[in-house]
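In what comes next, chain A is part of two complexes: it sits with chain B in the first one and with chain C in the second one.
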Partner chain A sequence: MRDYIIETHQLNFSFGKFKVLHDLDLRVPQSSIYGFLGPNGAGKTTTIRILLGLIKSAPNKISVFGKDLIKHRVEVLRQVGALVEMPSLYLHLSGRKNLEITRTLIGNISKNRIDEVLEIVGLTKDAHRKVKQYSLGMKQRLGLALSFLADPDLLILDEPTNGLDPNGIKEIRELIISLNRDFNKTIFVSSHLLSEVEKVATHVGIIHKGKLHFEGSIDELRDQQRPTTLIEVNNSAKAIEVLQAQNIAAASVQNGTLKIEANDKPMIHQINSSLLNAGLEVYQLSPQQSSLEDLFMNITQTAQN
Partner chain B sequence: MNHIIKGLRAEYLKTHQTSIYWLLLLCPLALNILVVLLLNEVGQKWIKGETNPWKVLYFFNYNLLAEFFIVLFIAMMTSLINQVEHKGHSWKHLYALAQPRWAVYVNKSLYSVGMLFFVLFYFALMQMISGLVLSFLRPDFGFQSRDLAIIFNFTIMLKMFLAALAIWSIHHWITFRYRNFSLSIGIGLLMLIFITLTINSREWIDYIPYAYVKQVLEVKREAVPAIFTQEVWLSLGVGFVIWLGGLWDARRRDIL
Partner chain C sequence: MLQRFYLLRELKAEFSKYRRTMVYWLMVLCPLAIAFFVFVINNWTMPTSLTQLIEKGKNPWEMYIIIHYRVMSIMLLPLYIAMMTGVIYGREHRNNTWKHLYALPIPQWSIELSKNIFSLLILLFTLLIYAGFVLLSGYVLSMTNPKMNLAPFDNHLGFNLLMALKVFLSMISIWAVHNWVGRRFSSFGYNIGLGLVGVISAGVLIQGWKYVKYYPYAFPALGVLDKQGIHTLFSQPIVYSLIVGAVLWAISFWDIHRRTIRA
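The block that comes next holds the complex of A and B.
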C-alpha cells in the first residue's frame, strides 16, 4: 500500500511577479480525508488547479499515485475526480444528461453507473429535470456525482460547501464521509472554515499566503491546542509590564482583557498575586480551553506577523 | 482516435436541441425563402432568354450568403458552440478529465467545422427545393424544362465551404478563448463593413481572409468551376495556420 497519494516537493508558483505558492510540501495519506485549510487568497484553489494539471507547473514537483503529474497527466487523471469551485454543469440539460456527457468523454463506464451515482447523491428523482431548475445544493451534489462517476481513487474537492445553507452543508459533509468510509476514497477537500473541516477530516494541512504552516492528523492538530487564561484588569498596559517582568507573555489583548497561555492553578495564583501587589484591580481570571478555530487563527495570524 | 469519437458524441449531446440547432436549420431556410420571394416578384429581370434559371437561383443564394450571411453565421455558430462551455464553467471540467489537452480543441473544431459543412450542404439542397417551388409559382421562368445544374450547385457550395475555413478558424479560436458572446459577432460585423469598403482594391484582397468567400462567385456561369482555385488555397493555408495557433494556445493555456 502506498503511503501518500499526493506528494508535492518544494512546489512554487507565481502569477507574474506575485508569488502564490512558496516551497509547498504536501503529503496526502491514502484513504484519508485531507482538509486543506486556509483563509481566502491563501493559495488553496491555485494548488488544486496545479494538482489537476489545469495550471502548468515544473516537472518532478508533483507526484500523484507515485507518478509525476506532468509526465503521466492522462494516466494520473484517470484515477482522479474533481470538483473545482462551482460545479461545471450544462444548465440547459438534465442532471442525467450531464452525467451522460461525462460518461461519454471518459469512456468505459457502464450506463448503470449513472443510476448508482445519482442514488448516492440523492438525485434519482430529479435526474430528469433541467439543471437550471436545481437548487445550489442539488447542483453541488450533481457536481460531486460527476467527480466520482468514473469511480476514481482520489477526489479533489475545492470548497464544496461554498454558498450552501446549513442543511446543504450537512448533506455534502455526510456525502464526503460516506465516500471515504463506504467507498474507500481518498478525499482532498479545501475549505476556509476549520469548523467544517474538523467535522470530516482525518488529516489537515494549513496554508497561509502560499506557505504550509501545519500538516498532520487532526489529533496532532488538537495536541497543539494550549490552555489559556483570560485576565481582566483595570489597566492592561501596566498588567503586561508586570507579567513581562516575570517572563510571561500575553498572547493577545482585546478590550482590556489579556490572554495568556497557561491555566495551571499555581501559575494563576502567582499571576493574580503579582497583579494585586502591583496595585492593579483584577476583575476576572478565567481558564479557557482554546478551540481549533483559535489554533487556526493563531497559526495564520502568527504567519501574518 | 478514440478521444475524437468520444468527444464528438459528447459535443452532440451538449448542443442537441439548443439554439445552435435552430440556427442551423432556420438560417438556410430563411435565406431560401427570401430568394424565392424576390425571384417570384422580380425574377424576370435576370431570368430571360437562354439563361438557366437554376444557375440564377444558385447565384442569388450564394451571393447573399457570401455578401452578408456567412460571416455572421460563422461568428454566431462558433459563439454558440463554445458558449456552452463558458456558460457552464466547464473548461476546467474538460481539462481535468483523463484526455489529452489537444483533444478539447480538436473535438470542438471537428464538431464546429462539421456543422458548417452540414449547414452549407443543407443550404445547397434547400435551393433545389426553392427551384421546385418557383417552378410552380412562376412556370414562365422554365425551371421545369432546364438542367438542374446539380454539380454546379454543389461545386460552388464546396468552394464556399473551403473558402470560409479561414474565417471559421479565426472565430473558432476567438470564441474558444473568450467568454464574451458579442466579441465574435462584433469582429464579424466590423470585417463585413471593412471588406464591403475595400473589396474593390484588388491588391489587398489576398490578405483579407473575409474576402475569400466573395471571390468564389467570380466564376463563369457556363461551366462547372474548378474547386481548388487561388482563394480556396489561400483560405486552406491561412485557416490551417490560424487553427494550429488555436491548438497551440489550447494546449498551453492555464485554466484559471
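The block that comes next holds the complex of A and C.
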C-alpha cells in the first residue's frame, strides 16, 4: 500500500511577478479525506489546478499515485476525478446527457455506471431534466457525479459546498463521507471554512499566502489547541499593562474581555489577585476550550504578522 | 492502443454536445436562407445570363450554380465562419467546460484537434447542404417561372459538388483565423467584428490591390470569380488558402499549447 497518493515537492508558482505558491510540500495519505484549508486567495484553487494539470508546472514537482504528473498526465488522470470551483456543465443538455458525454470522452465505462452515479448523488428522478433547470445544489451533485463517473481512486474537490444553503452543504458533506467510507476513495477537498472541513476530514493542510503552515491528522491539529481563560474587567487597557508586568500576553482583546493562554488554577489565582490589587474590577474569569476555528485563525494570523 | 481512438471518441462527444444548439440550426438555415434569397432574385429579375442560355437551348445549370456560389462566398461565408466558430467555442467558454475537459484523462492535443475537426466538418456539411438547396431551387424555379425552366437540362451535380468543395477549401484560411480567435477569446464580439472587417476589406481590396491574391478573406471570392480555373479544384486561390490556412492553424495550435494556464 502506498503511503501518499499526492506528493508535491517544493512546488512554486507565480502569476507574473506575483508569487502564489511558495515551496509547497503536500502529502496526502491514501484513503484519507484531506481538508485543504485556507482563507480566500491563499492559493488553494491554484494548487488544485496545478494538481490537475490545468496550469502547467515543472516536471518532478508533483507526484500522484507515485507517478510524475507531467510525464504521465493521462495515466494519472485516469485515476483522478475532479470538481474545480463551480461544476462545468453543458446547461442546455440533461443531467444524463452530460454524464453520457463524459462517458464517451473517457471511454471504457459501462452504460450502467451512469445509473449508479445518478443513484449515489440522488439525481435519478431529475436526470432527464435540462441542467439549466437544476438548483445550485443539484448542479453541484451532478458535478460530483461527473467526477467519480470513471470510478477513480482519488477525488479532488475545490470548494464543493460553495454557494450552497445549509441543506445542500449537509448533502455534499454526507456524500463525501460516504464516498470515502463506502467506496474507499481518497478525497482531497479544499475549503475556506474550518467548521466544514472539521466535520469530514481525517487530515488537514492549512495554506496561507501560498505557504503550508500545518499538515497532519485532525487529531494532531487538535493537539495544538491551547487552553485559554477569558477575563472580563472594567478597564482592559490597564489590565493588559498589569498582565504584561507579569510577562503574560493577552491573546485577544474584545469589548473589555481579554483572552489569555493559560487555565491552571494557581496562575488564574495569581492573575486575579494582581488585577484586584491594581484596583480593577474583575467580573468574570472563565476557562475556555479553544476551538479549531481559533487555532485556524491563530495559524493564519500569525502567518500574516 | 487506445491512443488512436481518442479522437474518434471526442468527435462523437462533440456531435452530441451541440444537440439542440444553434450550431445545427445555422448549418441548415443559413444555406436555406441564401438559396431562397437567390431564388427570389432569379424568379423576379430573370438574369439575362440565364434566360439567354435557356432560349438558345444551352444548359444553364453551370451558370446557375456559379451565381449561387458567388453570392455564398462573397456575401455570407466569412461572416458565417465567424459566427459558427464563435458559437462552437462560445458553448465551452460560457459553461467554463474547458477545465472539465482538460482534467479528463485524454491527451490535450486531441481536445483541441477534435474541436477543430468538428467545426470544419460543420462548415463542409453547410456547403453540401447548400449544394442540395441549389439543386432543389433550380427545379422549384422551373415550376414557378416558365422562362427559367432548368428542369429539362442535365443538373451538373458533379460541378455543383466540385464548387461546394472548392468553396470549402478556399475558406480554410479564414476558418484558421476565426478558429484561433474563437478559442482564445470568450467574447463573441471579437469574432464577428473581425469577420465584418474581413468582408469589407476583401470587398475593397479585391477592386485592384496588387497583393489581394494573398489576402485570406479574398480567397473564397477569388476562387469563384476565377473563370479560367473554375473547373479545377486546386486553382490558385484554393492552393494559397490551404497554405496560409495550414500555417495559421499550426501557429494557433502552438499558441494554445504553449499557454501556462490551460483552462
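By our rule, the second predicted complex is superposed on the first by the 305 of 305 C-alpha atoms of A that agree within 3 Å, B and C clash if a C-alpha of one lies under 4 Å from a C-alpha of the other, contacts with A are read in each partner's own complex, and residues count from 1 in each chain.
Note that in this section a contact is a pair of C-beta atoms (placed from the backbone, for glycine too) under 8 Å apart; a residue touches a chain by one contact, two chains touch by 3 or more.
Because the structure is a prediction, the values reported are computed rather than measured.
The superposition on chain A brings chain B into a clash with chain C. In the superposition on chain A, A:Ala278 contacts neither chain B nor chain C. Of the two partner chains placed by superposition, chain B and chain C are both touched by A:Met86.
Of the two partner chains, neither chain B nor chain C is touched by A:Ile177. Look at A:Gly107: by the touch rule set out above, it reaches both chain B and chain C.
In the superposition on chain A, A:Leu193 contacts neither chain B nor chain C.
In the superposition on chain A, no contact is made by A:Ile248 with either chain B or chain C. Chain A residues in contact with chain B (one complex) as well as with chain C (other complex) are 49, 52-56, 74-75, 77-78, 80, 82, 84-93, 97, 100-102, 104-107, 146, 150. Within the complex formed with chain C, the chain A residues making contact are 49, 52-56, 73-78, 80, 82, 84-93, 97, 100-102, 104-108, 146, 150. Within the complex formed with chain B, the chain A residues making contact are 49, 52-56, 74-75, 77-78, 80, 82, 84-93, 97, 100-102, 104-107, 146, 150.
Interface residues of chain C facing chain A in the complex, by the touch rule stated above, are 2, 5, 9-10, 12-13, 16-17, 19-21, 91, 95-108, 259-263. Residues of chain B touching chain A in their complex: 2, 6-7, 9-10, 13-14, 18, 84, 87-100, 252, 254-256.
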